[in-house]
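Just so it is clear, A, B, C and D label the chains in written order, and each chain counts residues from 1 on its own.
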């Protein structure tokens, strides 16, 4: 089967590599000729590409299958341009991180032209080439069926995890790591919630490890001298542990309830940089976490954990500063309290 | 009636002033002779004092009534010393911010000596002289009854607020601003929860005002250039308000649902310092907010709001930093994401 | 001055009453002739009305001023109909709880017709007649200026609260209880955040009072028999308080830091129904709380408190049930834990 | 090596099985002779036991190693009895879920008798026999070293997970799934935080899946009839997905960022009971989650996520009811709002 790929960044290129590895061919489009040449050198006859969109489309056999794998902000424009060049029966796949609202609108807009549209939430990050990508797919069933060979090559396959007890016989697509979730937008909806969960789980680890990191504060509180603006530690004897956090994340990887791929990565990051000196702690968020909370609010679902994780990221970037100053101003006003100096 | 006061700081001195104003007398104890002299000059024959604890006790008529109004950290020691000098029938009042656990222990320890103990949670801050102090009292009913004249003088009185519909006849103590809440510790327990609520309400205002402060971010987002690490504003046209926050807090003071004394103080602070330039945003917490959440956890009461308010104070002092670095390290590990530079 | 009022429910009728009381006249529009007749009987020549929109408009002098005070869901349609009947120079006021996005769109849509549009966030609830309404206004400055006499009559006036220290001379509009916040939408934006704060403050009280309500759980834990699925109380002696919550809310009304109008109402509700037997605990939310959190997310403002208050309302209506079942399913899966029976 | 085991429940028995499998021997103590007989039948000469504590101790060779694996509530008493029967040089291991405060006290109390004490936080649940147990150990280094052969047998071993990049050579204990975390209490401290993280991660999945479960609410909102007490869905077209949640948890197990052991179990539970009909949603908490938040508060670490997860469990058991009624009472008081009927 043949796949057109717009965007040969890490994820796009790795998807191409995985399908070519299984005997398929690919055509790429990219701004930089260099990226195309590199991939050509690596993949030989199975890959060709062009920096010109029209030429790229011409290289594809009908019905054309074009996977768009570029930053969310640029996706809409790229699809509009592409749609001008495609024909009825062709298929556009948005594999990026678009908001699912866009998918619903795009599928509707493309339908009169006979162009099919699939949204494919793609998880796997920088490890996808080796580990495979988890694919959450929205769109019409017929096109999903048609593209099954490609999805199989891109997804990790059933052997990537032990089968769930009771699941026997021919592995389902879900067991292979790809799933047709529902109509247009369903793929990005499920991917969005996936990322929302990711934010929450990451925060759970980060908060817990932060407690471990503070477990020795009792050792520094021997002197008993405290400002009235500070709550003294009632039991300093309970906080005298100098813990090895890299080793603790390592030990949890085997046999514990919190073992996970995120924990594997955390242990790895801490082994490489035990004090996290390479980080300042300004944590970005890339949209999905926000949209997840928006969706929860729309549907009246309580998400105290997912939202707390999101807000902590905002706070990490200094966005709480005005609120904090306001609190200090109130404390000064009613109690005459002065702020603590930076220690 | 006569009251002994240990600690002539702002709150102790103002309590003395309020009772003397109503015809009672007071005896003070303080480290600094200067504070005693000042108060003597102001109050004349109604007040005398000593820097020597023994002498202070000797100035009191039996049964002695001694109110201890010093920082929580010093209260325990002061009461121990005092107890050595008192006699059966005397009464010790802890008007500070002790944890109510201490009250339970102290009342028990003093009982065999025949010394009575009351814990009096005292709210009112720097405005107490004029506004009166709200008193939440724990201890034996007989002693509370005996001290009623003092509590009446210290509390604001019924005229401080319109009577609750249906409450008629002789105003109850609660309507006058003082209340016998229950046995030893009940006063500080109720005061503790009062402060927990205060943390939550303060945070509600601070967060809301922070949204108002960000209401103009759409005006700065016209260029469309965004890092992949930043979520662009989907509708910049909705965030183009340059709001006058001091005026908004002022308008809410009259007729709105969020009118409150805290809002009065906030409006006042913003009128004096419209941009809060005098504050750095490092917000202290003084124990009660923590103890409130501890009590909630012990009794399985969900307090998502009160705890969020507490944790935001911790974050304001940089205590989330390690967790934030951990999140950045994870994002780097699975997605190759770099942190945003400080803008 | 003359005001047209569409919607003579409690709030609409009370606004009419307040302006008539100050010598203005009003024209009303309502589905039910009965409401119109009642108000006519009460207000005499100062008020007339019609159930027919066209007739209602004909009763107004140009430039017509029409205040729409009906449920948010019906407002859009009513304004569309009204706009067909008005002329250049007329003014429409939306005094309801529309989302401010709508205001921006409506103002834009009405501008070509020469019809002015103001959005007036109106707080005060059922007490507005006596207490006055707090008005947060968005729109063009010229029309706000023109309507000043009406706003003055509707708002509480400066005497409703002590003046903020430092504010002297002629009271500003904000001090009188009405404020021109900014261009179209600014009034509802500020009102929206006001309600978001209200949710947070209400939750702060509710959570704190819930702790007080649980303060006696230690008295029931004497037997020491506990299921392994339940955490026993470590110190039952700390939770033996049988507190009088109506009295506690009453005592806080005078002199304490948490004194507020919400607390006044809470004390009043508890005096009338001390055990809250009249309530089931299913708490509605009416939009503003959700939109406040949406706005915070759009602008990257951390609102852990406001969102927790919102989510608790969702939970109160059973919306967490599926998540809770999921947690039980996980606990069963990894630890063999059974759910606790309903006690 | 020989191990004494007090408590032959699932976890105790499985630990015995794992060490016997590696050529060690075990002596068991249990109330029920039946459990002892069963294990004897299964393990032959490698295992003996007694329902009598004195006899059990007599069966052990000095220095005796006794692992206590019983509910936290009973552990203290059992250790006291045991200590009466042991001799200097013997070792007591608490493998249960004691609060680490107890460990610090016990180690101190046993030291004068020459009895050593280790606290071993043990994770692995019902899968430990096959998967191995993750061991977090507190106590003196010499005894930990001495018991290494047992810990090796109980822990999963390095092959249970891919090695962290950069970790080469002889696998460290942490890589084998057991770790000496620090002095007395450190093992249970780390296990406590582990469980706190577990609560947070579980809640992240549960909240996200709850959003998926609500993704079809737009399909039911076609009629447009809404009470003023309910916020209508602004965009019902965005919530028309009938998602297969068991399949979604399955697809995430391979290649996604949220793959984890907890997710494996969740997928398994949903495969067996797709609608979770077997659960009522009353979620217990067993102490560690509470103690984790307590420790965070003591050390001023913000834990908005871990605490939200804890509080949601409280709410699932109806503990928010009084607070919810209070909110309804306030809404009624200021706005005349009635509660929504149960739908």
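Worth pointing out:
Just so we're on the same page, a contact is a pair of C-beta atoms (placed from the backbone, for glycine too) under 8 Å apart; a residue touches a chain by one contact, two chains touch by 3 or more.
Protein identities per chain, from UniProt: A, B, C, D = NAD-dependent 6-phosphogluconate dehydrogenase.
Here the structure is a predicted model, which means the values were calculated and not measured.
The chain pair with the larger count of C-beta pairs in contact, out of A-B and A-D, is A-D. Distance from subunit A peaks, on a Cα-centroid basis, for B. Remark: subunit A and subunit C have CA centroids separated by 38 Å (rounded to whole angstrom).
Distance between chain centres (mean CA atoms), subunit A to subunit D: 28 Å. If you average the CA atoms of subunit A and of subunit B, the two centres end up 44 Å from each other. Counting partner chains per residue, subunit C has residues 125, 203, 205, 207, 209-210, 214, 231, 257, 261-262, 268, 290, 298, 300-304, 308, 311-312, 315, 317, 319-320, 323, 334 touching two or more of them. Those residues of subunit D that touch subunit C in the shared complex are 10, 71, 73, 125-127, 202-203, 205-207, 209-210, 213-214, 226, 228-232, 261-262, 265-266, 268-270, 273, 276, 278-287, 290, 304, 308, 312-313, 315-317, 319-337, 339-340, 342. The residues of subunit A lying in touch with subunit C in their complex are 257, 290, 293-294, 297-298, 300-304, 307-308, 310-312, 314-315, 317, 319-320, 323, 334.
For subunit A in complex with subunit D, the residues that touch the partner chain are 100-101, 104, 123-125, 128, 131-136, 155-158, 160-162, 164-167, 172-179, 181-183, 185-186, 189-190, 193-201, 203-205, 207-212, 214-215, 217, 231, 233-235, 237-244, 247-248, 250-264, 267-268, 271-272, 292, 295-296, 298-306, 308-309, 311-312.
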